[in-house]
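Please go over the structures that come below.
In what follows, chain A forms one complex with chain B and a second complex with chain C.
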Partner chain A sequence: MPQIDISVVTFPLQGGGLDRFTDPLVQFLTDIANLDAVLLQLLAFGLLLGGVYALTALGLTMIFGVMDVINFAHGVFLVVGMYTVWLVSESLGISPFVGIPIAAVVLFVLGVVVHVLTVEPILEAPQQNQLIATLGVLLIIQSAIEIVFTPDPQQVQLSLGSLQVGGVFIPLGQLYALIIALGTMLAVRAFLNSTDLGRRIRGTADNRDGARYVGINVKRINYLTFGIGAALAGVAGASIALFQRFDPFTGETYLINAFVIVILGGLGSFPGAFVGGLIVGMIQVFGGYYLPGTTAQVLIFLLFIGTLLVKPEGLFGGADA
Partner chain B sequence: MGKTLKSSVTSNRRRFLKTTGASVAALTLAGCTSDDTGSGGDGGDGGDNGSDGGSGGNQGTTTGSSGGSVDEVVIGSNHPLSGSLAATGVGMNNAIKLAAMRKNEAGGIESLGGAEVNVIQGDNQGKQELGGQVTEELLSDGANVLTGCYSSPVTTAATQVAERQGVPFVISIAAADNILENRGFNYVYRPQPPARRMASDYADLVPTVVRDNGGTLDTAGLFYINNSYGQAIRDSLRETLPEQDVEIVEETAIEFGASNANTQVSRLRQADPDTIIASTYVAGGVLLAQALQDQSYRPPHLTACASATFTDDKAVSDIGDFANGVLDNNYALNPTTDKTAEVRSQFTENYDQEFSASVGMAYTAGEVIIQAIEEAGSADSEDINNALKQLQYEDHISAMGTIEFNDAGENINALAPVNQVQDLSVKVVYPEEYAETSPQI
Partner chain C sequence: MLELSNVRAGYDEIEVLHGVDMTVGEGEIVALIGSNGAGKTTTMRTICGILSATHGTITYRGEPIQEEPSHEIVERGIVQVPENRDLFTNMTVMDNLLLGAQTADAQAKRDETLEEMLELFPRLAERKSQRAGTMSGGEQQMLTLARALMGDPDLLILDEPSIGLAPQLVQEVFDVVEEVHSQGVTVLMVEQNVQQTLRLADRGYVMENGRITMSAPGDELLEDDGIVEAYLGV
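This part shows the complex of A and B:
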């Protein structure tokens, strides 16, 4: 196939600092025109990274969707999931994959305890109170992990390697995390749509006062929701531990991305979280490849700000979110 | 959930957006400033460096009303004791404590009648905005002399406060040139080689090692952490590599806290250089190794310049066999002196941690401070500062010559020798005066 060179095309205002953006754009368009194989590789990486990001955002979006609580402890819940799967595999010699449901259970219990002790008493207070309380929970659990396990990074002894499909490398650890993300999203969606408890949770999310009027135990729904949200974080953290070293502070980066994804996709929306995760993943991968330095990060936060300004309800938000 | 979970009250959504937006912005800003000043400039030091001499520093803890005999001299240790740099930061802090402990066990500061060396610590969390604040706290807690901070952006902020207060600051680790460059400092000293020196040592030493042992090194791809440390190494390598006939064919950066390096490795794989040169903290190098393995790619020579990864025993162990053969020019422990083994043994015994090159460099900084106190014969910050200016310290455990500082505070004999991972152990292989084994190419 003859190579196409569109670098001769001059963009308006090209030159100076603008080259920083126009040159990569030209390169990107040239690769598309030439159907460069690297595009497929980047697409795979974007999908894998986006899937992991989506998984980390599910619990956050659920807790807000039902309870209107901004859970800053979500990042450290991820970390507890990581340490749980590591402990299970290192201490008991059990497969890390078995550790994933165990992490979900541990985090569910932890979520319920955190909710009962810190969130429930101030649930009706202004929203910033819960934010500060969960931030406090984050710091306490993070410090406890650091004291018990030291700040040294840990890793699950699991060498999964990668698949090669038509010249495209797919790291298996991230592929499993993507599958877990999809499976978890479908399972929770089925739970919410097809079970009585799920319907009660949805009803509470629709109208908390109305739910009380029809006899739903909103208090119970609250702690179950917080527990399920934490369990989702546990699954996410445990999945990340399959392919990444971690320390007590690993959750911070994921937490920031999760907030961006939740706002981008729409508050309380699972499909929104998934699509938001994919968008952020794709920007990071394609931006990381074509743009200089770490300019892709700037794009992500520009998108975040743009969403707040133009469509604050998010892509899947609005009256129906 | 999509159309199932409704946020019934619009104002709640707006509150969420407002509060979360502010919180995320704050977190992000914190992340950005802690990890990445990005400018490669002088860190925004305001241009008022050292003009007033500050308060003259602290006078030490004394007994008697006249302040004649000194009980103790206080070193303020400003390191990341929490956060993602804490694994190394805690070790560095312990190294300073060990230097003090060894001196105290040997009778204390002889010229001060056996005064004890006391170490107080502050946690900068690896965040630039805490660098100055922690320094202030250490000074108000009585520190006579300071050390820190591992992260270059944090050190940039911390040294500014020390200079303003007129208290000497000996950098434990921080590579960015602009910490000392063009800031007119009078109280800040750096025993380790700065970025430019490490890059020039890379260019002088690593291609020589490769070529002398039958390898080819004509092209290089840079993989660096995108903060002032990584950018300083990148800029210096751009200057020094062409002088050794090495062409840079690709440059790619990784963000602090990134979850993988897949994209960066894709770029490097496309360029296919003779060597990849990694300049990252520990985590970045581990991600690089993992992504290289995931994409079944390894250049003929995998190397590093001033990277913490390939001199860290735990990281090397976690990476596994893939780490074998990596050449990394960095500050190193001197394997040819008995004192190194003695200190290493004492450190692991006391703190149950690895005595990595980074930890060893912090230990050396601690000894430099203690030697300066000894030679000053005083706990006064100004006297210690004057002693640092005159210092010539040979009895250290780093693989470099006598430590002595020029007017800018840089160690004129700093060196970043070449290490190589062999059998999952980090060994100095060049230059020969410090080598414990031969390079394997």
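This part shows the complex of A and C:
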């Protein structure tokens, strides 16, 4: 049995004793020492979740990169995406997979409208103004969904089953969500890197005044970016709905994790969102398995605070759009 | 071609320009000189819509442009090399050049202009895929100039294009300006190299404390004792 230094675990404990936290660590290290099969399973779950998390953070980081706006409404954009696939598949009988691009379009339009009505008029104001305005948007849309669809959890009817690969269990709903997330991220990257509009968006993110000097219509880039960011939230939410029940408030947890990912990866950084998503996904899965209760979420917050204290610019320092 | 009439502008509550009058005729090279903090850069920013004039009018080819956003002004053919460069520092040299061509006209001849620029500035050709922010100061200044030319300007505004350059590069910048001018581009420039600038310029304006205090043909200003004393340090 490996010797463990308990000073690495410093949670405030109310009863239950330290071994509630040291035991899991011992267990974790034992599993590693034995190359236990459970590790592979957890890695698979971490990857599945992390990829989707990365997508939830992508739109947020893009909007920040271009406009320096912290968009709280992002959380409810995810939820609108979830309800869109649900509604499309329930009431119109269309496949949820077809619902995903529909969610992207719906959210793009919603994003542009929200931007023009609430963000653009106060874009030059101090940052907390936009933060509060978008929080207001979150609350309004959340309540609207609650009124229309009740607060009851909903579920997209899909029985996709699962795969078994070398003893590792992979739920297909999550696998499809991961594939959609990765595909979307690659597509966005290609769009930003190799189209004129993508280059303009990167330029505006890099230097707003520079963008104005060369004659980019910065206002237009702003609302397009907000729309694209919202559309990405729509795709993320729609993919999450493939494997999870949701209610009007589901977006909140995802929003918080998306913030952690964005800070961890570096505000405005594309690769940062990806790596950050994987890290947070892994912590959630491994923490959820080994640690008691919601300790995993606490770990994620510690990581968040730690990043802000030690490396506030994040892993990828906000160099990319 | 360009006419400023009683233009007032500034930052927040501070007025920097207290009624500037200035004209630039088609095909001219016009120089604006003045001591540090006189308001030259503020004037250039106001022309391009980066700052907005609080009073007065700016007309370009007979149409008022003082209310227009910067991209519409670029659309009209006015492009600036800004004082602090404002390059896209995290993007490549090539990206910066391509971003210079925004208007439909500029985009139509983008490849052609690009080729010209890479010929004109071989240094940029060698460093196409380097990040602009990692280029030397002189190289960045060249890139800023090339980026502006990618915009296919009719009126090129240069705010201290030779700032921080070695004498040889300063000469190169002046050569480029002359070359561009000979191709029919009108030039309005702010420069610290007063002597060299006034020799090149058709006309010059002197600005002090947010007002134009003198305007005359370049060679006359060069012979003016006051100017010589104030700006040429002799």
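Rule of thumb we're sticking to: the second predicted complex is superposed on the first by the 295 of 321 C-alpha atoms of A that agree within 3 Å, B and C clash if a C-alpha of one lies under 4 Å from a C-alpha of the other, contacts with A are read in each partner's own complex, and residues count from 1 in each chain.
Going forward, a residue touches a chain if its C-beta (ideal position, glycine included) is under 8 Å from a C-beta of that chain, and two chains touch if they have at least 3 such contacts.
Just so it is clear, the model here is predicted, and its values are computed rather than measured.
S.K.: With everything superposed onto chain A, say whether chain B and chain C fit together or clash.
M.R.: Fit: chain B and chain C sit side by side once superposed on chain A.
S.K.: Which partner chains sit in contact with A:I263 here, chain B, chain C, both or neither? Use first/second/both/neither.
M.R.: Touch partner of A:I263: chain B, not chain C.
S.K.: Thinking of the overlay built on chain A, is A:V214 touched by chain B (first), by chain C (second), by both, or by neither?
M.R.: After superposition on chain A, A:V214 lies in contact with chain C alone.
S.K.: Can you report the vertex angle at chain A, computed from the C-alpha centres of the three chains with chain B and chain C as the arms, to the nearest 10 degrees?
M.R.: Approximately 140 degrees at the chain A centre.
S.K.: Kindly classify A:K311 by the partners it touches after superposition: chain B alone (first), chain C alone (second), both, or neither?
M.R.: neither
S.K.: After the superposition on A, what does A:R200 contact: first (chain B), second (chain C), both or neither?
M.R.: After superposition on chain A, A:R200 lies in contact with chain C alone.
S.K.: Counting only touches as set out at the top, which of chain B and chain C does A:V52 meet: first, second, both, neither?
M.R.: Touch partner of A:V52: chain B, not chain C.
S.K.: What's the minimum Cα gap, in whole angstrom, linking chain B and chain C in the superposed view?
M.R.: Minimum C-alpha separation, chain B to chain C: 6 Å.
S.K.: Shared contact residues on chain A for chain B and chain C?
M.R.: 202, 206-207, 319-320
S.K.: Using the touch definition up top, name the residues of chain A that touch chain C in the complex.
M.R.: Against chain C, the touching part of chain A is residues 196, 199-200, 202-203, 206-207, 209-219, 319-320.
S.K.: Help me check something: in the complex, which residues belonging to chain B touch chain A?
M.R.: Going through chain B, the ones touching chain A are 1-9, 12-17, 19-21, 23-24, 27-28, 31, 36, 81-84, 86-87, 89-90, 226, 251-255, 257-260, 262-264, 266-267, 270, 282-283, 286, 290, 293-296, 314-315, 318, 320.
S.K.: Touching chain B in the complex: which residues of chain A?
M.R.: Answer in residue numbers: 38, 41-42, 45, 48-49, 52, 61-62, 64-66, 68, 70, 72, 127-128, 131, 142-143, 146, 150-153, 155, 159, 161-162, 164, 169, 171, 174, 189, 192-193, 201-202, 205-208, 240, 243-245, 247-250, 252-256, 259-260, 262-263, 267-272, 284-285, 288-289, 292-294, 297, 301, 304, 308, 312-313, 316-317, 319-321.
S.K.: Would you mind writing out the residues of chain C in touch with chain A in their complex?
M.R.: 48-50, 69-71, 73-75, 79-80, 82, 86-91, 95, 98-100, 102-103, 147-148, 151
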